[in-house]
Amino acid sequence: MALLELRGLTKQFGGLVAVDHVDFDVNEGEILGLIGPNGAGKTTIFNMITGIYPPTEGEIFFRGERIAHPSLTWKERLATPLWWVSWLPVSAIKKRWDGMRTLRPHEITERGIARTFQTIRLFKNLTVLENVMAGLHHRTRAGVWGAIARPPSQQQEEAYIVAEAEKYLAFMGLSDYRDELAKNLPYGHQRRLEIARALAAEPSLLILDEPAAGLNEQETLELMDTIRQIRDSGITILLIEHDMKVVMGICERIVVLDYGKKIAEGTPEEVQNNPRVIEAYLGEEEV
Amino acid sequence: MTALRERLQKVNPLWWQLGLLVLAILFPLPLGDYHRSVLWRTGLYIILGLSLNIIVGYAGLFQLGHAAFYALGAYTTALLNIHFGVPILLTLPVAILVGAVFGYLITRPILHLRGDYLCIVTIAFGEVVRLALVNNIFGITGGANGLSGIERPVLFGLVLRQPIYHYYLVLFFLVFTIFAVRRLENSRLGRAWMYIREDEVAAEAMGIDTVRVKLLAFIIGSGWAALAGSLYAAKITVVSPDQAKFLESVIMFCIVVLGGTGSIPGVFVGTLGMVTLPELSRALKDWRDAWLGLAMVTMMIARPEGLWPSRRIRMEIRAAKEEASVAPAAGN
Amino acid sequence: MALLEIENLHTYYGYVHALKGINLTVEEGEIVTLIGANGAGKTTTLRTISGLIRPREGRIVFDGQEIQGMPAHKIVQMGICHAPEGRQIFSTLTVMENLNMGAYTLGGDKETIEENRRRVFDLFPRLEERKNQLGGTLSGGEQQMLTIGRALMSRPRLLMLDEPSLGLAPLLVKTIFEIIKEINQRGVTILLVEQNARAALKIAHRGYVLETGRVVLSGPAQELLQDERVRKAYLGER
Amino acid sequence: KKEPETIKIGLEVPLTGDYAYEGQGMEKAVRLLVEQVNEQGGLLGRQVELIVEDDAGDPTQAALVAQRLVDAGVVAVIGAYNSTATEPASEIYNEAGILHITPSSTATRLTQKGFQRFFRVCFLDDRQGLFAAKFMKEVLGAQNIAILHDNSTYAQGLAEHTKRYAEEMGLNVVFFDAINPDDTDFTPILTNIASAAPDAVYFTGYHPQGGLLLKQSGELGLDLQWVMGNACNNPELIQIAGLENAVGTYVTTEPLPKDLDYPEAKEYVAAFEAKYGEPVASVWWLMAAEAFNVIRYAIEQTESTDPAVLAEFLHNEAKDIPGLTGPILGWDEKGDRLGTIHVAYVIDENGNFILNPEQPSP
Amino acid sequence: MQFLQQLVNGITIGAFYALVALGYTMVYGVLKLINFAHGDLFMWGAYLGLTGLTVALAALGYTTPWAILPVVIFVMTSVALMGVLVERIAYRPLRSAGRLAPVISALGVAFILESLARNVYGASWKTYPQGLTPSGGLVLAGGVRVSLMQIIVLVASFLLMAGLYLFVHRTRVGTAMRAVSLDHDVSRLMGVDVDRIIMIVFLIGPGLGGVAGLIVALYYGSFDFTLGWIFGLKAFIAAILGGIGNIPGAMLGGMLLGIIETLGAGYMSPQWKDVIAYIILILILIFRPTGLLGERVAEKL
């Protein structure tokens, strides 16, 4: 069983079919590239995987669990007995209802999928360290009482959060900027910080949306190394990128989309030589 | 000068806090009852400000109907005491509970609203509560007159009648509030509020249950406002729908922002500016509101980040302001 | 005389000293490119020229007139057009309205606007397909096309493009650089900021290399392409 | 030679807030009397000092200013305007042992706390309610009546008493509801009242809304017989309504100053107009003056400024005080004013309030 | 029939709310600022109208509805100038200061304007001179009355809304306004004089509000200083109900609020009518989080 499975995934915006019956799998431990012309529907797929919006059709499975499917219409909800009692604080009901409703983004993160955004979305006015600490939120527990009473367990947890966050900062080479406000970092560092924050959520699948955009070639090379390292630490990676050097350099497999449809899938070599891909995306000569 | 500051900074913060506490205890002693009452009111509004600060300052949610919870607390105490003879101090926990439960019920369905839409809905809820009280809902709120005949609180046989006792009662809860709020601010929950204030989508993508976290802010803030309402009822012995007036909510909101959102000393300063000084400047008579308005405008222009902003906001705003100040001056 | 001349430009963000005495000139009819690492100050240079930030020191002379300290809209009206970095489109205006905003300085000149719009749609057929969609719901690359298209709607004398190829598919990246060359051939002077240094230097006449707010290297583009340091630091050759 | 100490009298009224209009008028009314007294040499040879505090009609502020007045050392306090503000203040005055007279707070419970030094110069709502019900039944011959209030303490109380008495007399109350005084458009409720087809409509609220009700009911072409409570006893009612809409409206009220035969009353009204260039527009202004009048009378009669003595006097000895609102019969043991003096007025074609020739049986 | 009459009543109130809501929406649309002072500018329209009319009638020596015309112009210009002044003094310095500081500043301005009105004109109810407004009307089938004033008010507010809508959506300056509302810097890069655009908005919004104040006062004949607060809050709610920033939305929200209130008052209870209106507002927002016609939201992730 693949780690992530997309089955007949479709998304419509009004009359526009942005993603059109797409199927593919992401296998444990691989780096999979998702490419395609601008507006092909790549980011939309990411948004469906991470629960930002539900698909119009189709399903997504993560470790065999269904994490996305079309949300129930009001009519269907009214016709579902479970919906009527879903607010009851009974765990049996809750469990069954959870299987029917669409999951919210934070629940998907809890299941082990973390992402970065195409347009950077850091907490601009918080420090670099605080940004990374956000990733640890769902892995820790302290609540209201813990905060006020501050038992030793909660103090330990706080120390753990900071230590972990620092670990990821160091990994992404950002330790020097620990107490800077995120918005004051240069663009390239902001990209890295986004990755550090996502890593802090300890995902088993990391989703990167154009991580190399805005980086110069030198920085891009460094990023490629980093991504490989992340994969080597056991995290599966799904990646959108327009920089062919990156895609061809690190991906084991590539899926190509055009106008919402999957037009090719295979190793970098296969994809590179696929005439449809060349016509729609790469252009005649190699970049 | 700098040497002195350094020396002062070395003093254990605990000493500072103890010193302030002692000052707060001794300060009213030489004053008359009027000024003691003013102090009482100041303390009460600081508690209200701190409770609203959780919602507005920490979680970044616009709440312009906070007075409704203040009134709910007051009415809870009044009803329990008048109809069931429950001693005032025992009604406090019930009031907190009522405030928190209402906070939950009211805000649960509207949490997904953004910014100003949330703000308007909280105004609407505030007005609904006030009008329900005015219209004598279920025949228990006494209509526009409100309820009267609330007993005085009794503590170890001492009837708390004089303003000074009420001042100390409020002070006690104030100290506890500050303690709790400071700890909340620097906790995992406090950080989660910060994240959703900054960027909700990113926070959710990081695994933060935004609905739950926002709800917690509302529940805690509302419950705490209700506590302040009870303390009010205990001193004034009359509760009326006026407590839920939109203007009250506005004042609380201004307290938080004028002092500096998210800042505890800011709430103190805000209360002094919005409540205490206007009260002490009765000599201005009819022009009091105009002066207050003028002060609000000038303060905001002079210090948009608030009079005593939290360190964090200070950093943010300064950066933004300097950026703006290097942009071409407006209008030439 | 040069179209744009910058002397000893210093710009600050709060306490961050972002530009530390930049000197550069752009001659009429040239393509000049600024390259440099992240945070070198390329964007800041453009923002200072177009009046979004006021420099603390230095002179900017455009067409014989000092423009530092002038309000941005006046500078734009003088014929400097700046396509900002990072897809800053008007998210709740439609594609069409975004383009119309690009032609704001043309006033009511319907014919020219129509002509320019035609040209933009020819260059980016994708935008025509999406012309009634809200700018904010476009895909990243489509937004980038819109940013460039919007800049092409006016008739600038100096066009400043900040990372125009960001997030575009390879096929389109090629197109973009061709477009830049073509526009230049029609007589528009171009100041180009690019991460894709190789491609930028290929089409540019001259280039400047920025590092932490200073110009560290400048010269004809061909020379820079051959320069050892440039190759190492910016072209990713090891 | 040292000046004798002044006698300090407090006035606690809403100078700001929703009731600012009333409070500001009350201040004028009392200040006029104080000046007159001081010109005539003061009380007991001492000057009277009026200390005015603004409670904005709000109970919290009322408690605060009450404390202020106590700290200032007043002998007696006039106020507050609304019952909600009077209540917490009365507790404080009571504890401080100060004579407290409210000119306008009519809530029954205020006098039920056993405060020895608390009095009213206004009448309780139920007297006027009784009068209004009688008037509608006997003079207007109404069988079905509508009652409308504005949710304020006062108007709601009056409306409820009227309803009770009307039902006791066998009238049908076919409509009973409240308007929101913040509104300016009452066409919906007017349309509703009209469809209930009452013989008379009794409105117990204040004149601004009363005026709008008359105006809008006229404009809607509704055929309603309006009767209004004493809070509408104000020439502005006609201005707001427009004369053609106001003609024929009845008002139940204490007699207007101009209709009182007492020289004190006539003199006072004339002096007020002379000084401020406007009429005594509201009953409550007059009541505030009356409260001061009572305090002056008590001090003069007892030659004392001890609140306990004054209160004792008012409770037991004060009878037939020549008041600005007619002779004051005295007070009962709770501090409520005895007697009733309500009459019905009607608005004539010239826009004057004239005493209605027909009055109900006493 | 009662229903139809109530509907007519409701539409009239709704037209007033809509008139005031348009001003809120204009300012909000461009600055994303809830201009809490708008209600008080509206109230000043009523007061200045009173002064203007008194002076005009005194100068003329007799009463004629034509006296209203110069007063309309006087009120519109003076309130518009007040609006621009408020923007200059209280809002412009706060453009880059986040969302909260301008709100407080706006509240402060509201306090000042209200207190000024109370002190200058006194706390008492003011009445407009009689006989200025046309008093005729129509009686429709079934005795439903529609007064001439009601028709005038309705037509005026529709025309204003249509005019504004066309201005904002069809003209160059209008598009620039919407651009400014999204991003000041990028608008500048398009050659837009941001300060001038904002000034135009503050001429139109308060100018409209001032005239609305005049019309409301003419229609009801009397008012006091609390007028601004109450109408302001209602109109603001109307603007949100329709989707703030949206001009037809303001109109729709105003009308709807007026009708809901009237029917609530007519069929349930006048005491509870505001509660009913608020609860319907809340319900609408729960299910349509950006109001009925909605604000255009476009956030790509």
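A few points about this structure:
Order of writing sets the chain letters: A, B, C, D and E. Residues in each chain are counted from 1.
Operating definition for what follows: a residue touches a chain if its C-beta (ideal position, glycine included) is under 8 Å from a C-beta of that chain, and two chains touch if they have at least 3 such contacts.
Nothing here was measured: the structure is a model prediction, and the numbers come from that model.
Path length between chain C and chain E in the touching-chain graph (shortest route): 1. For chain E, the chain whose average C-alpha position is most distant is A.
When chain centres are defined as mean Cα coordinates, D lies farthest from chain C.
Contact counts per chain pair peak at B-E.
Chain A and chain E have centres, each the mean of its CA atoms, that are 46 Å apart. Measuring from the averaged C-alpha position of chain A to that of chain D gives a distance of 72 Å. Measuring from the averaged C-alpha position of chain A to that of chain B gives a distance of 40 Å. Chain centres here are Cα averages; for chain B and chain D they lie 37 Å apart.
In chain C, the residues touching two or more other chains are 13, 51-52, 71-72, 137-140.
Within chain E, contacts with two or more other chains are made by residues 118, 271, 274, 299-301. Looking at chain B, residues 134-135, 201, 286, 288-289, 319, 323 sit in touch with two or more other chains.
The touching residues of chain E, counted against chain C in their complex, run 172, 175-176, 178-179, 182-183, 185-194, 295-300. Chain E makes touch with chain B in their complex at residues 28, 32, 34, 89-90, 92-105, 107-116, 118-119, 195, 233, 236-237, 240, 244, 271-272, 274-275, 278-279, 281-282, 285-286, 289-291, 299, 301. In the complex of the two chains, the chain D residues touching chain B come out as 15-16, 53-54, 57-60, 63-65, 67-68, 70-71, 83-84, 87-88, 91, 95, 107, 109, 113, 151-153, 156, 178. Those residues of chain C whose C-beta lies close enough to touch chain A in the complex are 13, 16, 35, 37-39, 86-87, 126, 130, 133, 137-142, 144-145, 163, 166-174, 195-198, 232-236, 238.
On chain A, the positions that touch chain B within their shared complex are 50, 52, 104-107, 109-110, 114-115, 117, 121-126, 130, 133-135, 137-140, 142-144, 146-148, 150, 154, 157-158, 161, 181, 183-184, 197-198, 201.
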